[in-house]
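The structures considered in this document are given below.
Next come two complexes built around chain A: one with chain B, the other with chain C.
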Partner chain A sequence: MSHPELEGYHGEILEHLRKARARIGNLIRVTSKTGDVHEGYLFPRYQYGDQHHVVLKLRNGYNVGIHLGRTEKIEVIGEGEKPKFTKAPPLPKQFRLPRVSIISTGGTIASRVDYRTGAVEPALSAEELASVVPELESIAEIDAHILYSEYSENLTPEHWTGMAEEAARKISRGADGIIITHGTDTMHYTAAALSFALQHLPVPVILVGAQRSSDRPSSDAATNLTGGTAIAAAADMAAVGVAMHEEISDHHIIAHKGTRVRKCHSSRRDTFKSIETRPLARYDLTTHRLETMDSGTKRDKKRQLTLKPSFDPSAYLLKSYPGFDHRSIDSAIQQGARGIVLEGTGLGHVPRTSYDSISHAVRKDIPVFMTSQTIWGRVDMNVYSTGRDLLNLGVAPLEDMIPETALVKLMWTLAQTKSPDEIRRLMLEPVAGEIIPRTPYLMEEVH
Partner chain B sequence: MSHPELEGYHGEILEHLRKARARIGNLIRVTSKTGDVHEGYLFPRYQYGDQHHVVLKLRNGYNVGIHLGRTEKIEVIGEGEKPKFTKAPPLPKQFRLPRVSIISTGGTIASRVDYRTGAVEPALSAEELASVVPELESIAEIDAHILYSEYSENLTPEHWTGMAEEAARKISRGADGIIITHGTDTMHYTAAALSFALQHLPVPVILVGAQRSSDRPSSDAATNLTGGTAIAAAADMAAVGVAMHEEISDHHIIAHKGTRVRKCHSSRRDTFKSIETRPLARYDLTTHRLETMDSGTKRDKKRQLTLKPSFDPSAYLLKSYPGFDHRSIDSAIQQGARGIVLEGTGLGHVPRTSYDSISHAVRKDIPVFMTSQTIWGRVDMNVYSTGRDLLNLGVAPLEDMIPETALVKLMWTLAQTKSPDEIRRLMLEPVAGEIIPRTPYLMEEVH
Partner chain C sequence: MKVGLEVHRQLDTAHKLFCDCPTILTTAPPTIRFQRRLRPTQSELGQIDPAVLFEFHRGRTVIYEADNDTSCLVEMDEEPPHPLNPEAVDVSLMISLLFKAVTMDEVHIMRKVVIDGSNTTGFQRTSIIALNGHLDVEGKRIPIQQVSLEEDAGRKVAEAKNSVTFQLDRLGVPLIEITTGPVIQNPEDASKIALAIGRVLRATRKVKRGLGTIRQDLNISIAKGSLIEIKGVQELELVSKVVELEVKRQLTLLEIRDELHKRGVHAQDLEDHIIDLTEILKSSKSKIIQSALQKGGKVLGVRLTGFNNLLGRELIPNVRFGTEMSKRAGFWGKVGGIFHSDELPAYGIEKPEKEQVALRLECSQNDAFVIVCDDEKSGRDALQAVSDRAREALVGVPEETRTANPDGTTSYMRPRPGAARMYPETDVPPVKVTPHRLEKIRSNLPKMQEELTKELTARYGIGQKLAEQLVNSEYSSIFEEIVTSSKITAPTYVATILTESLKSLEREKVPVANLSEKQLKAAFDLVEKGKTAKESVPEILKWLAQHPEADPQSAVQDLKLGMLSRTELEEIIRKLVSENWPASMGKLTNLVMGEVRGRADPKLVIELLMHHALAGSQNK
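Right after this comes the complex of A and B.
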């Protein structure tokens, strides 16, 4: 039995809400036995199984989940009027906050549930995205608009080009920081892409996503957007970063360097991790303290951005494993690969059954690069005979570049030049922290 | 200028050794300014750049690196006699230690440098492998032999079959535990394979490798073998595990469950990590305390092993990324794929440009499974439209199975049955901890 007016609620709580004649979108008041009162607009639920919480959108824009026992009293105190968020008139120039442009591309963070119809809308409008997080107005002067409306698994290198061009446009118009809201699935690929496309950045470009949509009491959309905006507005650095929860709790938003970040959990809010590098900046959600951790390049609005937004997707990432079919390399060649990144094992190895196919690629002037599926650590192809064999075949080791970043850099490099030698040279030239040069010899006991 | 008699040494230290007329393999004595004396056989070096350490093999079988300043005195006190390691005569039966069989398959742990010729030998003989770690004799009665002599990147599913059969043979002859020494590159793939091939194990089967070969002062070969043997001999559990350093330091050897372990660093000694599960056992190298952490199945020599050692390698692991060429799926089909594991993004997604190729595979009765490249976390294809689309196409989500384990399980499953329906059923039936059933609904705030 479906109850569209109470979508997502079931069991006891459904009965409780029906008795109170509550409907999604109504302004309701919940009074607990101990006298605690919560008022807000009733949200639909999409989390299966929970029969204990109602979700309310409070007047301040936050969503809360309220545990509903048998003893709580529910009253409908208003119809589903959409709360109005009106922007304050602009302050005189001398009091102005930093200007942050929000570019929305889709994903969970931009999804919302219409609390009158219960339908999931693909994207918040520019004004709405900013207005559902009222704190933003205290951090920056926001302008926001929708560029794309896609879940990130459907974003392509062409979208990276569009985002880079849009960010460059906003920067040329004086933005003090850019926020790109983005699905989390491939946010790290986009972050790497923008790191190569937007060189000599004058201000930060921060990607922000959410692991929980806004109809869930634990949504991280507002906190990530708040912290990301603070970092974009005020951190004293100028790089592409990914800003998300540092921990499961709502304590810190951390910005990871765009070329050294990876989504490492399918559902946790602290899913993004910096891979063997210091994050860019941290924002404390409680104290509002902003800490710039990596100011390798400080912000400087006079710096002239170099825009190199093109990508050629004819790059392949092939992961090696026991029983790996070397014909996968042959197929990539036949499909028009202009370059191949191998995700080898350990220090950068593949089975010797792949040698002929690799050799074939190299002879056809298709550069072949080596990374490691260990994710952490550096490839080193001088240690074992397999590595030396592969070096002799012409495979180029990519130091400590993570496989996903290596793929994106190859797509970018392929768009910069037609020359295989130049492709190999560019791949090994650090552009945006994607390669951390090997430190001078340290005692082997140390690492 | 090459100095074969002092291979790997250069700079000041080379001069120092040449003045002392030392050669690789000589028994030498190093006396420091403060009177500390070290005696041992001079080892060659392969670590580039270090000009400060000589490596000696001590008479007790250990290797040490000694910092050599200008003030240390070096004397040659003997020619390169190979030290003899003789086994003690067997104890009367009532005093016998547990019996552990060591099966060597190659890799760094089985590599050694002949300290007279300086050449790297591919494998230690059975007696030698045990004898270079004299502690083993105090832990277990050891028998050891060489099954393969391959770096693990060249091991194939056929080798897994051979290892499973060999382990089963040793168990049938009464071993209290099995050690398989193995290259670390693909040790986790083999561990998963043996977990499926050796069901209802009566005793532990522990894979042991090394990240540093025995010519390096920081070699972890001896400590890993010691801890692994203690776990195989005495931990009160019966599962396939991978035993390596828990930390960088020499404090603990930890055994990870074979289906939930991954190599996560290209060079660190603590490279193997348990993925969202408790390890099997821990051995303290200082106190010799052995802790069984997961005794889901206790050791029981009366339990009857079920051996299912076959694998069919016609399984493909395909990783999705922005710009992923759906023709890679078509190629796998053409190459004879009998099953495909997708390594999707986030909760289990691939670009919609791949839908037709996936659909084509499913129509051809080639089962397609979903895992996540986030590694940690569980796929959940009910949350977003992409996931629901893929479910509708017939893609089967593999819960929290890690991609490498899913590939190995698919190779194993393909060898158990020809029926696509049965393949799908077996893949989702937990055999060896590869799937941890979803816990009953927890507050979404928790995870």
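Right after this comes the complex of A and C.
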């Protein structure tokens, strides 16, 4: 058990610190058995640290760890200073600027570091955001609030519903654009979800995240937020998009279409890529030029939003691989799957050994769909006999829909209808650009 | 006077501190270029190092250059750091033990915020390895306060008004930092102690050598002065000079302060009433002013009450108080042209113009003024900085971080950071230093100077003095490698080249530090293989130092120092003998040796000469 005033310490060391009546932030003195003396502020122990070391922040700012086994005495010699944050000044009203609502769901797009404890605290009020990202002031009149505080891997379809409803509320109150700040790991799933939940959008809804956390000077959070806000505020389009760095330079922020975007690198700033389609808009951080690239739906505040925020999570995404075990399909059926998306190899194939399980699913009125794990390209199940076999079993090919988008669309479709035939029909009916009948040749998309 | 030293030296590890890139610098043109902008993190606003905040608001772009041989995504801040390089930790622990410092049980990596662009992350990763050691120098015990291991920064390759360019090859190279207590009392001691620290570091044989691999920072304060941090003294010889000049600078600033007090100047007299002087100077002959005006700029000025004749006062050779002020103004305002009244009339600004400006700024006899020409915002920022600096003159010596110039003078770099802005590097787990690991290092500690000298004399039969010189030089390990791999080159000869010859080349201003280990070894190898004569080695090394990257074979070709073939030698001898016949054997030998010195084995010359002289005499 850890104690809040002795965060991270446990076991033997916790006992010693409690005996010494030490708290995090206290100035303490540690004397070793050989007579060496170290003084510093007691620092929280990092997660999963062992129970043998005390961490001191020395007066010059450095942290060091001292082993309990070599320690003779721990004593508190001072209270230590509490960190002081200067409060951000109130925002001047920007009357003629577009109004952008920032909805925060997690990850910290803007934060402040407490150097004393190393804690990173989110900066979330509109005032705080503007003081950290002063560029926003000249782009839009901002209002901001926290909806969730979750790492994106912990978000669920229920959160998508909440986000869609919140965005709809802000739009009904006259926002000229919506920003949703979001952890990047699953941002493209949320982007797809909102694309289906928010139909006939009058204004853009832009998801923004960061690949380098906002507590560092090199963070991409502020630039992504700046570019995303400029796009939400003024791009002449109305769609759900993901706005992040276009390249590793702090040069362009690019918004990708919500149903055609994917996280393609674990750490690079330009991780999000449009898959075989042109992006929605681009903002130049140097010249402040905004370019709308999507020729689809234009911004129109008179357009009536259709909100369809429900999702049924009983959909499965199964990836095929050499030695793919058909029992994962059986198991999905047993778990109550109402629909299955297969991420097949190549043009849309799975091993012959899974035919029986697929056929079983189809007989139980569980629609089975095919996408390709190649990410780029369209499934075509007429070319090889395996494809034709699968078509014959009742597997429905999903054209060039990317697997993650297909899963999200299936969850959304399951909430729209009970009829398996209707599910099959809806899956193949484009709602938000998730299926493109023509595959353009875009060189820059293929790495 | 109190001086503390911070000696930085690159470690010669196989990999960088937080990735698997090699620790070498590139000379190839960059293949990767990208640009970034760094911003202060929130908690620094308000209490931040003002230069950092200023730099951010100025919107300076940082351009990075890299290639795939020397940098990866880690240096580009596109991939999290890998775990701390264990080899670098071991070397640092070894160094800590040599200084008898108390090693930390757990090494925690910190982020020290630096947003001048030299680190792509906006912070330098640094860690304390040990505390409270000491070093005895000529009977005095010098406290070694701290041994830290950190990453070297990017290498600045260009700077323009609104951008700065860094090459990333050096970013992440392990750097050991040795910090002494502020106990050094005079300039000569500072140099001696730096030298002594260098010897300990070299004893590990795990530090890099040569220009750019060593940097000394100095913390200097004098009574009534301030703590001044001087960064980047590259050459050891410069340490005492920098200290001397800094003390002089601080003393002169204190004199200026006293003079200002005597003149009855107060801070409120130095408010920055910045006045537009464009009307007065619009037809000035000054080219700088005209070019600024053509670009739509303005001429602005500010009065400095009570500063007459003080701006022209020399602080240290060639640095006037006015220079100091314009450096500061230039840093803050990045202005093109800046003039002060003590240096006018000059630069095309004439006496009547000076007088008109003084009148417009309401200067009395005791007052001075500063004018700038540039766009209005830059100009105002610059003059604001001038007024700030003038007010600081009333207090004495402002706390600053200064950068060392090659001539031993220093220039304003930025205000001194306030409290250390450090927070944990959460991407890299702390590293435990177990007693077992420490014992292993302790039992393999390198030999120190005296022991090494003894060993060199005993093992290689070289003189005591030569051995000492070798140990003190950068080259004792190369010496051993050359001598052990060679069958014919005598140790004394190799040692003499590596000490005396290199030193005299250095005195001739030959950039000896450029010589790589590979080049040195290859040069001796040429002698070994009979491709050049022993006497030619200094000449070859001189050429190599001036042609880094080149191999000794090309030196031999370029300098025509290759050995003559037997036929070539015979041809020369035949010619000389027939031209000079009759002559004594001694005279002939001298003539031939004069022609072929360094290109022929003397024994062979004598043998052939005897043969030909005999033949010659018979023919006549």
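Note that in this section the second predicted complex is superposed on the first by the 327 of 447 C-alpha atoms of A that agree within 3 Å, B and C clash if a C-alpha of one lies under 4 Å from a C-alpha of the other, contacts with A are read in each partner's own complex, and residues count from 1 in each chain.
As a convention for this text, a contact is a pair of C-beta atoms (placed from the backbone, for glycine too) under 8 Å apart; a residue touches a chain by one contact, two chains touch by 3 or more.
Predicted, not measured: the structure shown is a model, and the values here were computed from it.
Trainee: Tell me which partner A:Ala222 touches in the superposition: chain B (first), chain C (second), both or neither.
Mentor: Only chain C; A:Ala222 stays clear of chain B.
Trainee: Considering only touches as defined above, state whether A:Leu58 meets chain B (first), chain C (second), both or neither.
Mentor: Only chain C; A:Leu58 stays clear of chain B.
Trainee: In the superposed arrangement, does A:Ser195 touch chain B (first), chain C (second), both or neither?
Mentor: It touches nothing on chain B or chain C.
Trainee: Does the superposition put A:Asp36 against chain B (first), chain C (second), both, or neither?
Mentor: second
Trainee: Looking at the overlay, does A:Leu317 come into contact with chain B only (first), chain C only (second), both, or neither?
Mentor: first
Trainee: Would you check which partner chain A:Val350 touches, where first means chain B only, second means chain C only, and both and neither mean what they say?
Mentor: First partner only.
Trainee: Going by the contact rule set out at the top, does A:Arg268 touch chain B (first), chain C (second), both, or neither?
Mentor: It touches chain B and chain C both.
Trainee: Between chain C and chain B, which one touches more residues of chain A when both complexes sit on the common chain A?
Mentor: B
Trainee: By the touch definition at the top of the document, which applies to A:Arg212: first (chain B), second (chain C), both, or neither?
Mentor: Both partners, chain B and chain C.
Trainee: Which partner does A:Tyr384 contact after superposing on A: first (chain B), second (chain C), both, neither?
Mentor: Only chain B is touched by A:Tyr384; chain C is not.
Trainee: Considering each complex separately, which residues of chain A are in contact with chain B in the first and with chain C in the second?
Mentor: Overlap of chain B and chain C footprints on chain A: residues 49-50, 65, 212, 216-218, 248, 267-268.
Trainee: Within their complex, state which residues of chain C touch chain A.
Mentor: Listed in rising order, the residues are 34-43, 45-47, 61, 73, 76-80, 102, 104-108, 110-113, 115, 120-123, 126-128, 131-132, 146, 148, 419-424, 426, 429-430, 432.
Trainee: Over in the complex, which chain A residues touch chain C? Could you list them?
Mentor: 32, 36, 38, 46, 49-50, 53, 55, 58, 60-67, 70, 83-86, 110-115, 118, 123, 128, 131-132, 212, 214-219, 222-223, 247-251, 267-269, 285-286
Trainee: Using the touch rule from the top, collect the residues of chain B that touch chain A in their complex.
Mentor: Answer in residue numbers: 46-50, 65, 108, 151-157, 160, 183-186, 189-190, 212, 216-218, 248, 263-268, 271, 311, 313, 315-317, 319-323, 325, 327-328, 331-332, 335, 343-353, 372-380, 382, 384-386, 404, 407-408, 411, 441, 443-445, 447.
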